[in-house]
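Note that chain A is present in both complexes that follow, paired respectively with chain B and with chain C.
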Partner chain A sequence: MLSNIGIGLIVLVLILSFLTIYTASLDLKMPGQSIKKGIYKLSLFQTTFTVLSFFTLIIGFINSDFSLSNVYENSHTTKPLFYKIAGTWGNHEGSLLLWVNILVIFSYLFLVFNHTHNKKFRLYTLIFQNILILGFSFFLLLNSNPFNSIYPIPLEGLGLNPILQDPALAIHPPLLYVGFVGCSIYFSAAMASLISDYRGKLFAQSIKTWVKISWCFQTLGITVGSIWAYYELGWGGFWFWDPVENASLLPWFAITALMHSLIVLEKRNTLYSWVVILCLSTFILSVTGTFLVRSGILNSVHTFASDPSRGIYILLFLSLMIFSSLIIFFTKYKKETYNFNLKSRETFILANNWFMVFFLLTVLIGTLYPIFLDVITSVKISVGPPFFNIVIVPLVVPFVFLMAIVPKFSWIKLQNKIFYKILFLILCGVIINLFISHFFGKYSFLSNLIFIVAIFLILQSFLDIKKLINKKKKPELSRIISHLGFGLLVFFIGINHQFSLEEDFNLKVGEIKKTKNYEINFEGIKIRESKNYKAIVGNFKLINEKNDLVQYLNPEIRIYSNPETLTYEAAIKTKITSDLYLTMSNVSRSDYYNIKFQNKPFMIWIWISALMIVIGGFTQLTLKKNED
Partner chain B sequence: MLTKKVKNRIYFLFFIFLLSVIGIFLILTSLNKNILYFSSPTEIKQKEDIQLGKAMRVGGMVKRNSITINEKNIQFIVTDFENEILITYSGTVPNLFAEEKGVVVEGKLSDKNFFIAERILAKHDENYMPPEIKKIMEKNAK
Partner chain C sequence: MKINISRIIIFCFVIFCLFVFWLGLKKNINYDTESLIGSRISNFQLNEINHNNQSISEKDLKNNEFTLINFFASWCAPCRTEHKYLLKLSDKKIKILGVNFKDKKSNANKFLKELGNPYDFVAKDSEGKASVLFGIYGIPESILIDNNLTVIKKIIGPIDQSQYNEILNLIR
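Right, the complex of A and B next:
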């Protein structure tokens, strides 16, 4: 029943896509500046039907309708309602439906909200977006249909992987999808702009909001994923340079570069081709990431049960996208005149882009190299975190430095009087850094530099905020918040990296372990029953030897029944100045429990800074509305 | 003669070219230093020129009844059904770590039979087998 409804709705979406492309290309030849009413209607119907199809699937999950094989494979009757719903996008087929949803919704919104722009440009954008919708809907129907039915209907489902049953991970995919699939709209818009010759400033204005929306969601999505990894994966880190994390970072670099160069295009009407390249590559990289994750080529935490035919389809589609965008780009390419002043703001915004491209290349090479080597020579290798740290971390120094000073430049030339101010702030940075290293312990030369530039950026941002308070208009506010967030992020990651303590050992129940500052008493274990799992809860008493503060930590070993899986839940005591992090595991029912104990300074500030970067982005979106 | 504008452009392009070459060169050299090779216990035995003390990955099955635990670390044997290697590790193990299950460990060889692991790689799906291990197992099973 649900299966037929769902498939019917998707087919309707497909038909509407064809119709939209057809009527839009007819309307292209019509004179006038307004788009036919019919096209709006088609697009609105299309949006309604996709959203309905998604709700159909959600209903299937809520009612545990196991006649849908997708529900059968990924859900279970005893699962809490929240995770039943989250299960909808917690698997390949369902998430692809979400993907199509976002493509369609963005297509409609772009059509409606950009009514002031050129008709031809809007129609072409609609056509390209609908080609994307067609491609992914066919993929959905033919290869990964979430509405496939099974007969006879099973009585019970297989259940969702317990490690995914977590609030952060329930919202992580939708956030990332809005971010990654949202890029599709300016991929289409860039193609349309090339074909309809709608270039320069106006093009920048038409895509600006969409770039910011998708940037905010991408950043937020990555942050939430990182938070999840911190408390769920149990090794106490938050960034691992795991291939899949890298796959999410690639479009992020591209989009961050895009967001900055878009300012130049809007204000100075130059850099058009570069902006188009970034628009195209952001979405291409998003799809590449999806391809790497879904095809099972990458071996990582995100491995969906993989199926080679999926990979081949996405790869085909991806090459088609790259190929056609290259052709359109080069046939429609027009020479631009650049008249840059070397010391002006646009040169340095370009510098941001150079850094972003370099980071992007580094991560791309580090992620793809093992795959190439495997295909060519069948030697198995992997590229570890040291590679990324060695290449990227030193460049963070000039990057953060530029981030602090570039916004101080006027659009054309640097004034000399702010030079002394900068010098003064750097001096402050050096002094604060000396204090840190004096009181908390020494660290490498590079770390010194990183702390100095981070403090410099933070101070600079605070000064900017102080200046803003007296002003009425606050166009710079979002930039300052985001840059301050980034400065704090670099600073706290630095501190966290330098002063984290980690101890690994094994304990029997009742034993005591003394570490550097803490005495850890393993007082006992007890069993706790929950709705869909049983947990062995450890009771640890921690005594801080410096101030005799006593704390209790209770890590768990959970035994889920459907599917039968073990998970280890970390016990985390978060304070403003540091996190205590303790995980335990047990092998082969041994008397010894394996303990990992960590003291991580300023952990919560890393999340706060990352969220601040996102808040900066959202501030700009709301400010924009007020100004209009 | 070249005008000033053209000259500037040439300098600019040259500068960018130089920067990219240096960039790519730096990326590739540090890539080379930080590659982790993946080997099976048999490959470690057979290879003559294997570097001790260099980070690498070893994969195979955790041998039955081979896990021993004391207060400091965990020891277990990884086998590919032809050769074995003894692994020492301290810390918590991933949730799917168990006897007779596939495992990939990352760390350093201290000699050809003894490996000090810094990390045991987490696998999120009990039905999932890393492609590297699958290959070895298929080759050696019969």
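Right, the complex of A and C next:
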């Protein structure tokens, strides 16, 4: 029953897509500046039907309707309701349905909210977006149908992968999807702008809000993913330069560059071609990431059951997207003349872009090179943190430095009196850095530089906030919050990296281990039964030898029943100043447990700073109205 | 569209990247079993599932002309679908070693009682660590070896009709 409803709705969406493309191309030839009412209606119906199809699937998951093979494969009657719902997008087919939903919703919203812009531009955007919708709906229907039914109907489902049963992970996919798939709308808009010759400032205004929305969601999604990895995977870190993390970072670099160069396009009406290139590549990189992750070329927690036919389809679609955008871009390309003052703000914003492109290329090469090498020569190598740290970290210094000073420059030319202020703040940075290294331990020259520029950026942002308080209009607020967040992020990652303590040892129940500042007492284990798993819970007493503070930590080894899987839950005690992190795993054929103990200073501040960057973005979205 | 050298380079580069992606798909890096064929299995020792004093090691397999090592568990649904082929194979000129992967003893016994026992020896690997030594990604997987302990074929996923026929051809 649900199967038929779902498939019916998707077919309707497909038909409406064809109709929209058809009527929009007819309307292109009509005179006048307003779009026909019928097109709005088509788009509204299309949105309603896709959203309904998604709710149909959610209902299937809530009711554990195992006549849908997707529900059978990814759910189980004993799952808590929250994870039943999260199971809807915790698999390939369901997440693709979410993908189509976002394509359609963004298409409708763009049509409605951009009514002041050129008709031809809006119609072409609608057409391109609907071509994307068509492609992905066909893929959904023919290859990855979430509404496939099975008969006879099984009595029980196979269950959701236990490591996905985590609150952070339940919201991580929808956030990232809004971020990544949301890019599709300015991909379409960029193509439309080239064809309809709707260039420059006005184009920048039409896509500005959408770029900010998807930037906010991407940043938030990546942060939540990282929080999940820290709490759930039990590796004791928050970023691993894993190929899948890298795949999510690639579009993020592009979109961050885009967000900054859009400012230049809007204010100075220049850099149009570059903005279009970034619009196109952001979505292309999102799809490339999806291809790498879903086709099984990269192996990770994100590779659902691997199926080469899926990969071929996405690759075909990716090729079409790249070639059509290249051809349209080259045919419609017009030479621009750049007239920049070397010391002006736009030059430096462009510098931000060069850094972003550099980071993007580094991560792209680091991710693709091992794949290429393996495919061509069958040599397996792994490019990990050392490569990225060596290449990226040194460039963070000038990058953060520019982040602090560029907003101080006026649009056309630099004022000289700012120099003294900058010098003074850098001096403060040097002094605070000396203070840290004197009292807490020495570190490398590069780390010194990173701390200095990070402190400089933080101080600069605080001064800016102080100035803003007296002003009535606050257009700069969001930028300051995001930049302050980034400064804090760099600073706390630096502190965390320099002063983390890590110990790895084996311990039996009743034994005591002494580390630098802590005495770890393994007091016992007990078994705990839960709804969908059984857990071996360790009881550890930690005594801080400096201040005799006693704390208890309880890491777990969980045995999930459906499907049978072992997961290791870290015990984490979070405080404002540091995190205590303890995991245990069983050592086969012995009474010993392998214990990993870490003391990570200012861990929670890394999340707070990352969230601050996001809050900056959201502030801009809400402030926008007041500004206008 | 004007054609110039930089545009040609961009197109060639894109085509190259997409071509490599395509090759990568065909190659299926994750489940590459070709390279295992011809290699020798590593040494192992496993206990019988119900009798801890009985064990099996690679030396015992040297006495068999052909051995199929099958990794299974009672909780694994695809294992059920391949079971009938294992039962058919058990009448043939081949010994079958079952490795019970990350399973409970009682559940495994129930599974074999319900579906029949095709195995000449059922070994237990309750933590799944021994199976990793065989290069097992997940289950079901099966490895066909000869009396030199050389891998002749590796099957990932449940055995189906065509793979069953292939095994018959190989041991003929």
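Heads up, the rule we're going with is that the second predicted complex is superposed on the first by the 624 of 628 C-alpha atoms of A that agree within 3 Å, B and C clash if a C-alpha of one lies under 4 Å from a C-alpha of the other, contacts with A are read in each partner's own complex, and residues count from 1 in each chain.
Definition applied: contacts are C-beta pairs under 8 Å (C-beta built on N, C-alpha and C of every residue); 3 or more make two chains touch, one makes a residue touch a chain.
Remember, predicted model here, so these are calculated numbers, not experimental data.
Placing chain B and chain C on a common chain A by superposition gives a clash between them. Using the contact criterion defined above for the overlaid structures, shared-chain residue A:S34 touches neither chain B nor chain C, since it reaches no partner.
Counted by residues of chain A touched, the larger count belongs to B, out of chain B and chain C.
Within the superposed three-chain model, A:N594 lies in touch with chain B and out of touch with chain C [touch as defined at top]. Of the two partner chains placed by superposition, only chain B is touched by A:I381; chain C is not.
Contacts of A:L507 after superposition: chain B is touched, whereas chain C is not reached.
Judged by the touch definition given at the top, the superposed model places A:Y369 against chain B, while chain C stays out of reach. Contact with chain C, but none with chain B, is seen for A:G311 once the two complexes are overlaid on the shared chain.
By the touch criterion defined above, A:S444 reaches neither chain B nor chain C. The clash between chain C and chain B in the superposition falls on 37-45, which is one of the stretches 19-27, 37-45, 73-81 or 109-117.
Residues 299, 303, 563, 566, 588 of chain A touch chain B in one complex and chain C in the other. Within the complex formed with chain A, the residues of chain B that make contact are 19, 23-24, 26-28, 30-31, 33-39, 55, 57, 67, 69-74, 90-99, 106, 122, 124-128, 130-132. Within the complex, the chain A residues that touch chain C are 158, 291, 295-297, 299, 303, 306, 308, 311-312, 315, 318-319, 322-323, 326-327, 330-331, 368, 371-372, 374-376, 561-564, 566, 586, 588.
Those residues of chain C that touch chain A in the complex are listed here as 1-2, 7, 10-11, 14, 17-18, 20-31, 73, 75, 77, 102-103, 127, 129. Chain A meets chain B in the complex at residues 161, 163, 233-235, 299, 301-303, 305, 354, 358, 361-362, 365-366, 369, 379-384, 386-387, 390-391, 504-507, 511, 563, 565-568, 583-585, 587-588, 590, 592, 594-596.
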